[in-house]
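Alright, structures below, take your time with them.
Shared between the two complexes below is chain A, which pairs with chain B and chain C, respectively.
Moving on, here comes the complex of A and B:
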């Protein structure tokens, strides 16, 4: 509590925040505001009408569905990856950890093209699957694969620090008391991971909801079949339907705001709890 | 109000339950179409990939009319599953294996690339009416209202200070047509030599300020206020009423090219039960009704007698077709590759 007062009293306390807002205005706040301004230009009626078209509804639903599936898969996969990286020792562990983080840095478009080159008709797996009549690219499966790839680092990043901080003495104590490896995981490690898992799942969900670069390569961008909300926004903007594009963008922005409110709220709660204990 | 409602604990409980209810509501809404009670009977589908500017014409006019016709004849409902992008992008997607049943390209060049990649087994589009060409549209110049830069022909685009928005020949069919139009405009002058064509191309391309991925993307950039001039399809220029954005003026060059848009049936993606539907759609495209719809949307019909129905079409003194350049194979090799890519582009990048 005291730290908030050290800046001084009255107006001078608001100065740093005011300056931050001023800097962020042209960078972030005004562009975001223009989304809402253009979305609501024709009034609430037009805004609603833009949203309830078959294409827009499908795109939003499809995006939510993919985000949900991505979060579900990556909760398991990411938690496992974080556990292995944090709790086991093997040669190349650090390097593997770095590779798992690469999707953050490589352009998502590259993720998309590399998936196409692996699973597409000329790819290594694609050539094997083609005779079986299986073509995973340009289907919802392709979108899911791309999103799992792109969002995995966020899950690992949320869970691994928690596990790194968890002192091994707790686990050793559990073993000494006769707990099996699985019991130790269930009663000692998992409860400690829970906060990281939920944060990671929400982060994964949010990133999946907004993913564009990889999706545009692998989805085929088919309306009513594989078109996610960001692809729909892009297509509408390119066709000059600026209000329609911004209506859907506004919905995504609101969803993201809510998601990140929960994530940040949870993070500060768990910090407070740790400080208390 | 009882005081326990304000306790910290129950307030948290309330917040968590509200969030949970909201989450559940979003979840049910998301899954609804896939749930047994929300599932409406899945209609038949037709999967079409098309070049960028075709989108509103196909999705808002041509397909709805076909859908009505098909319903009247068979009682069946058809849903259009479609995607639109630069013609070259669509071609790449097809080569990578998108499940398109019908593809409509801006240029026959892209149909040939499908053939080379083995997606179609031969020049199958040549067996369709008009060699697969569904409609035409001349390339025009679009300027800001009042034509402040005084642009009247392609030669005016070489003036210093004219910012041109041009689609990118790598991914856009419109860009390839534009280059032919620009080169051809110089070559139709009496006594012109290939050097004149190259000089005009060089002058124009020195003024290109932005390369867009498709004709449609170029239009969006122009509408967002970039550049003084846009080179695009007459159809796209006429279709302004359907787009939001500032007004503009259409300039008809003395000589320009009439683009011809090629339809390709992707036979390997068509199952037996789909054949009748695909054939009916193709018949509809070249029927008088279908061609009249194209004219109403600003495309020029392959059935020239129908073009009188659109009073907005402007006059072009010296119209050119790709056949005047010896067909796309030669035009691509001799003009796009030899002149534009190897000479003009190198000169500009120097």
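Moving on, here comes the complex of A and C:
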């Protein structure tokens, strides 16, 4: 049930919302608008031309691919982690949960640095792998690794509450009806997780699209190799190519806006469904 | 036929169930009756295989199933909170056990339809759990547990979460269904009325042990422990001492004064401390003295409570004891069920064939 406080009549009811919009104008709304204004300054033609460069297209495609791959890996990994944390008992369970959530608390740049310190050329493992010719950092794989690291908490955070809510008696009921552990997971636990998995996947995808801090460290920002869209925007802006940067920025902004609209839409629908039951 | 032999379960250092033995015969309906925390649900869960005992064994038709996982026991279990799978329809829920057993879809549908009819939910197969009321969910849970003709039906406080009227309806249909199918049933409840209505035999559970397992009438009229006498129905207990004991009569001198007699043979020698109990509905109120073959005691009406079909009186005896008396309101004169006023001095009279006598001494008695 939402609690609404809308006392007063007529225009005075809009006052709280109006004040909020006023505060958000210079912080969020106007800056976002500026991106689009600058991107379309030279007209739609220039906007399209800025996008269809080799570098821009690669950056966008690469970001989308990485986001997809991250979401795919996280769906399996995050779901498994959520299941273990929610449904099994072992010493140190709470601590493991906290550790898995760390990436949310640590600055993404530090995540990137830590990965370099382990897998990079002077890293603990990197040093052992270098003579074998294996250099995991500054590659697309490194970007994927960093994105998985950084977005896993979002998947676990979306799935674990659903599993926590799922009472043990559902699984017990399935056992008494003759279902094995696997059949119980398939028919009883997984359907309950589905909504959380989709939300988690969307969140993972969205965060991966916008990931900068860790990516800038582990990718090496290599043009046409490991340069994601956010990195492209940064590099272009630094070089003074404002229009090009903004073109890609506008596309990212629209994509992210769409994604989060879907996520919020799903969340409110599932809240309504839960309220009904 | 289930045989439970001396099972026990402990959590940490606490034995929540200890030394429990019970037999449930083919097609019999046995109810485990006891207060919350008595361990009755734990016993049921051990029979189901959801919890493993720390001692003892469980046998099904002479086969040891103590360690058999629940999937392989072939029992039906109805949970307290129904546990209807929320992401399946009612029909899919009911057919789940059959699906696991690889029953062909046509047969599955046929049985599901029949079960829906049997529990009174015909036509609701396509609904989801969140669209059903508590009573309907309970019926789905029952149908689901019975779908594959289980060897035993286990019910854990199945009527806990519904209102009183629905409980009564569900109870009636459960009894009908279970008897029609002839399935061996073991049910857990804290509701004595429920136990009486459904059970062939009642096992009274207290603090992890079975105090008595017998027919409802035996548990009610000849309880073997104070707990059983107290828990099953109401009772007025009075302390006393055996003053005379014969082959078919026992006389007791009450601590509050006065003597009562009980027909029958009791293994207590004169002088032995006993607890004498008489149930509220066994006492009648009168202005006249008791006859020679009746027990009687005098008191003053202190409280009167109208209960609809009956009236409950609290009578203060000389010496301070309060006795509860329950009288059916079959007589209604001048706007009052009983023509007695508060503070009126009356006789409480009951038969010498009524009365429960329990050992109140320590150690053995002859």
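Criterion: the second predicted complex is superposed on the first by the 265 of 277 C-alpha atoms of A that agree within 3 Å, B and C clash if a C-alpha of one lies under 4 Å from a C-alpha of the other, contacts with A are read in each partner's own complex, and residues count from 1 in each chain.
FYI, contacts are C-beta pairs under 8 Å (C-beta built on N, C-alpha and C of every residue); 3 or more make two chains touch, one makes a residue touch a chain.
These figures come from a predicted structure and were not determined experimentally.
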Fit or clash between chain C and chain B when superposed on chain A: fit
Touched partner set for A:176, first chain B, second chain C, both or neither: second
More chain A residues in contact - chain B or chain C: B
Contacts of A:221 with chain B and chain C, given as first, second, both or neither: first
Touched partner set for A:88, first chain B, second chain C, both or neither: neither
For chain A as apex, the angle formed with chain B and chain C - C-alpha centres, to the nearest 10 degrees: 160
Which superposed partner A:12 touches (first chain B, second chain C, both, neither): neither
Per-pair minimum CA distance [chain C against chain B, superposed on A] in Å: 17
Shared chain A contacts, counted only where both chain B and chain C touch the same residue: none
For the chain C and chain A complex, residues of the former touching the latter: 48-50, 69-77, 79, 81, 83, 85-88, 96-97, 100-101, 129-130, 144-145, 148, 154
Chain B partner contacts - residues on chain A that touch it in the complex: 58, 61, 64-65, 68, 116, 120-122, 126, 135, 137-138, 220-225, 227, 235, 237-243, 262
Contacting residues of chain B [partner chain A, same complex]: 19, 26-27, 29-34, 47, 52, 55-56, 79-85, 93, 96-99, 214, 216-217, 219-220, 223, 242-245
List of chain A residues in touch with chain C within their complex: 167, 169-170, 172-180, 183, 187-188, 191-192, 273, 276-277
